[in-house]
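Since the structure comes first, as structure tokens, the remarks are kept for the end.
Each chain carries a letter (A, B and C) given by its place in the written order, and its residues are counted from 1.
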Amino acid sequence: MSKKIVEAAGRRLSLSNLNKDLYPSYGFTKAHVLEYYRRIADSILPHLKDRALTLKRYPDGTEKDFFFEKRCPVHRPAWVKTAKVIHNEGPMTVCLVNDLETLIWVENLASLELHVPLAKAGSPETPDSIVFDLDPGDKANILDCAKVALILRDLLLQMQLESYAKTSGKKGLHVYVPLNRKEATFEDTKRFSKAVAEVLQRNYPEIVTAKMAKESRIKKVFINWSQNDSAKTMICIYSLRAREKPTVSFPLEWEELEILTRQRDPEKLLIMHSEAVSRVGKNGDLFQEVLTKEQKMPHYL
Amino acid sequence: MSGRTLWKGYIQFGNINVPVKLHTAVKEDRIQFHLLHKRDHVKLHQQMICAYEKVPVPAEEWAKGFELEDRKYILIDPAELEQAGPEDGRMIEVHEFVKTAQIDPIFLERMYYLEPDTTLKGYNALAGALKETGTAGICTWTMRRRSYLGALQINGKVLCLSTLRYADEVIAVKSLELQKAPVSEKELKIASDLISQLSASFQPQKFENEHQKKLQALIDKKARGEKITVLRPRHLKPTAPDKLLEVLEASMKKVA
Amino acid sequence: MALQEIWNGTVSFSLVAIPVKLVRAVETGRVSFRMLHRKDYSPLARRMYCPKEEKLVPPDEIVRGYEITPDKYIVITEKELESVSPERSRTIEILEFIDIKDVAPVYYDHPYYLVPSKGGEKAYRLLVEVMRRTNKAGLAKFVLREREYLVAVKSTDGALSLITLHYSGEILPDEDLLSKVGTTRSREEKIESEEKSRMKKIIKEMTADFNPDKYADERRKKIMKLLEKKAKDKGTVEAPEIEEEVEEGVVDLVAVLEESMRKVKEHR
């Protein structure tokens, strides 16, 4: 086992298995993973901050078994910030990735994918945004998701709601509607997103479904509204995905999405680690407003 | 065909009696819209809603009230109201005659045709007399338990009766509080010339309700599921006061 | 007294454009009554009601529809209505000037006043004065709400009045009347002529200046008297006070979404 001691923000960290190929068919080692997260840290950390992290660990790489870890590992360093959250089985201690050293520590655990809830640990019932998880069914692809996302954006704009899109890093797109007002509950956002999904299904039945069942999703985009739930998590923006290649969940400007939709090349909607780092260096965090923009959900009966 | 007979009576002044029948003279032709619920296009009904209970109230629970002050009403029985109405008469009583040009059209409310009843005697004579004197008879009458003020006039060879608005129903121009703005004789002269250049005889049949036709076309288009292009209304740039003379002169050049 | 503006736009003739507002010229003098709920004397208000959902429908959920076949409607939006005659919805363009005396009273429908908007005072005054001197009226067409009106713009007591006119197609023909009147058998001609002379004499005696102030609505007076008596005899009733409702943006989500969706589709 190769070990290396590094210093991050004055903390000493022991990193292990740096040469382990976590994306074997692509050739991307743990050292690469750590390097990616170090370089993207400034952008990803605000999105992880104060949120109960769910680790999705791939100790033997993306082609082998993984496991979810919601509890913060007990062997954690003393400086890792944690929070107590109420879970089905009772109170639970979770990790909060609020700084670079925690991020590096978490990645040393081969937690390639970082999943976080829509609410902060301190206010677990009030989501900071509404999310629409657009998932292509069989025979549909990310371009279909993009088409639906653009309609969704227009619909939300009619209600004076700005929205922001990111790739899931896999096959789908996620559309976020920032609220940041601590007034709507998950019950509210779920009801809203469900109604939106159903309206889109009614108006565009040939490409949209709001139903989970696999058979109703063939050739269609499933708008998964049920993600608006305190028990659910979303892949964090800028997180790597555990696929053959190190792709990233990455923000796209609407204009870019419009252009890519016209170009009809689904591959262009897959952002790789290197591209992610260079684009963030150039454009900064396109998802910054998701954390700060205050918007009011339309009230309803 | 002129409309059906609404009422019968006599025009009366001095010792003159002219029997007439009243007909409607105008029939409006308009595209009718219905109010629908946006979501499912169910046709909506009008209902009387209690301001307090916020529920629809059926007709048998209505009462008629005259509002004296906020929330204070005098109740009134519709039958009593009926009693207050004047007895229906048969007389169109002419009180005086005025030069037709003196009646500003602002007073004119609704016009009826008068048809000679039983005999032509008198009708033609009255028509001729009104025409030759250029006058209209100011008269009152009662029909359907309402009293009317009207002007008896001649239209071609046909006698007509226009109902007139009461003086206190016409808003006085002075209440508009119009500002004075001096105009020069030169401007008046050129504007006057311009207007005579633009003058024509009144030919109402030249004007059709084109809008109604276009609206019907739009409806047909929508019914076929075609896309409608929404056009923006045209706004004209007002003429600046200091450019008025210049613009008048330019207009004059254009028409001359 | 500031009169409520019904419409605003421009009156134009040739190259002159005058910014104006349209205001009422008449208000009914009829005694108006309120319908009350017999139970508690609270006033009743007309509201649109959905018979299917059995509930009141707020104005923002109401659309205008044209019935093409029974119970099948084409929805027409305000914008579409306005765009039917876009050149006329904001402009009263005087096409020609006519002699007022040529307009038969049957054409007059409803009067309004035009008042000048800021900057239009001088041109307005000029038009008022010229039309007063020439006894002319401007003929124009303009669209108010969903209707196109043929209108006469004229000078009235130092103001511009706008009177909507009936289209000639709306005037019922008087041919059958004409066939009855005006013709006199020769042996009655003399009698008729004498009658006419007699009438003319009376008319001349009875001619005065038009003074509508002399006439009052007799019925209105009687009703007011009746109301006074009722108030003395029976007193008044009082309606309960209505609490101001705080309807903090309560809307129907699905309706909002469907409406938003409709707009999205319009723009796509």
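The rule we apply is simple: a contact is a pair of C-beta atoms (placed from the backbone, for glycine too) under 8 Å apart; a residue touches a chain by one contact, two chains touch by 3 or more.
Everything numeric here is computed off the predicted structure, so don't read it as measured data.
Trainee: Farthest chain from chain A, going by mean C-alpha coordinates, please.
Mentor: B
Trainee: Report which interface contains more C-beta contacts, comparing B-C against A-C.
Mentor: B-C
Trainee: Kindly work out which chain lies most centrally, taking the average of its C-alpha atoms as its position.
Mentor: C
Trainee: Please compute the C-alpha centroid of chain A, do the same for chain B, then give the distance between them in whole Å.
Mentor: Roughly 68 Å, centre to centre.
Trainee: Rounded to the nearest whole Å, what is the centre-to-centre distance of chain B and chain C, using the mean of the C-alpha atoms as each centre?
Mentor: Averaging C-alpha atoms per chain gives centres 7 Å apart.
Trainee: Between chain A and chain C, tell me the centre distance in angstrom, where each centre is the average of that chain's C-alpha atoms.
Mentor: A distance of 61 Å separates the two centres.
Trainee: Which chain A residues reach two or more other chains?
Mentor: Within chain A, no residue touches at least two other chains.
Trainee: What positions in chain C touch 2 or more of the other chains?
Mentor: In chain C, 252, 254, 258-259 touch at least two other chains.
Trainee: How about chain A: which of its residues touch chain C in the complex?
Mentor: Against chain C, the touching part of chain A is residues 151, 154-155, 158-159, 191-192, 195-196, 199-200, 203, 298-301.
Trainee: Within their complex, state which residues of chain C touch chain A.
Mentor: Within the complex, chain C touches chain A at residues 248-254, 256-261, 263-265, 267-268.
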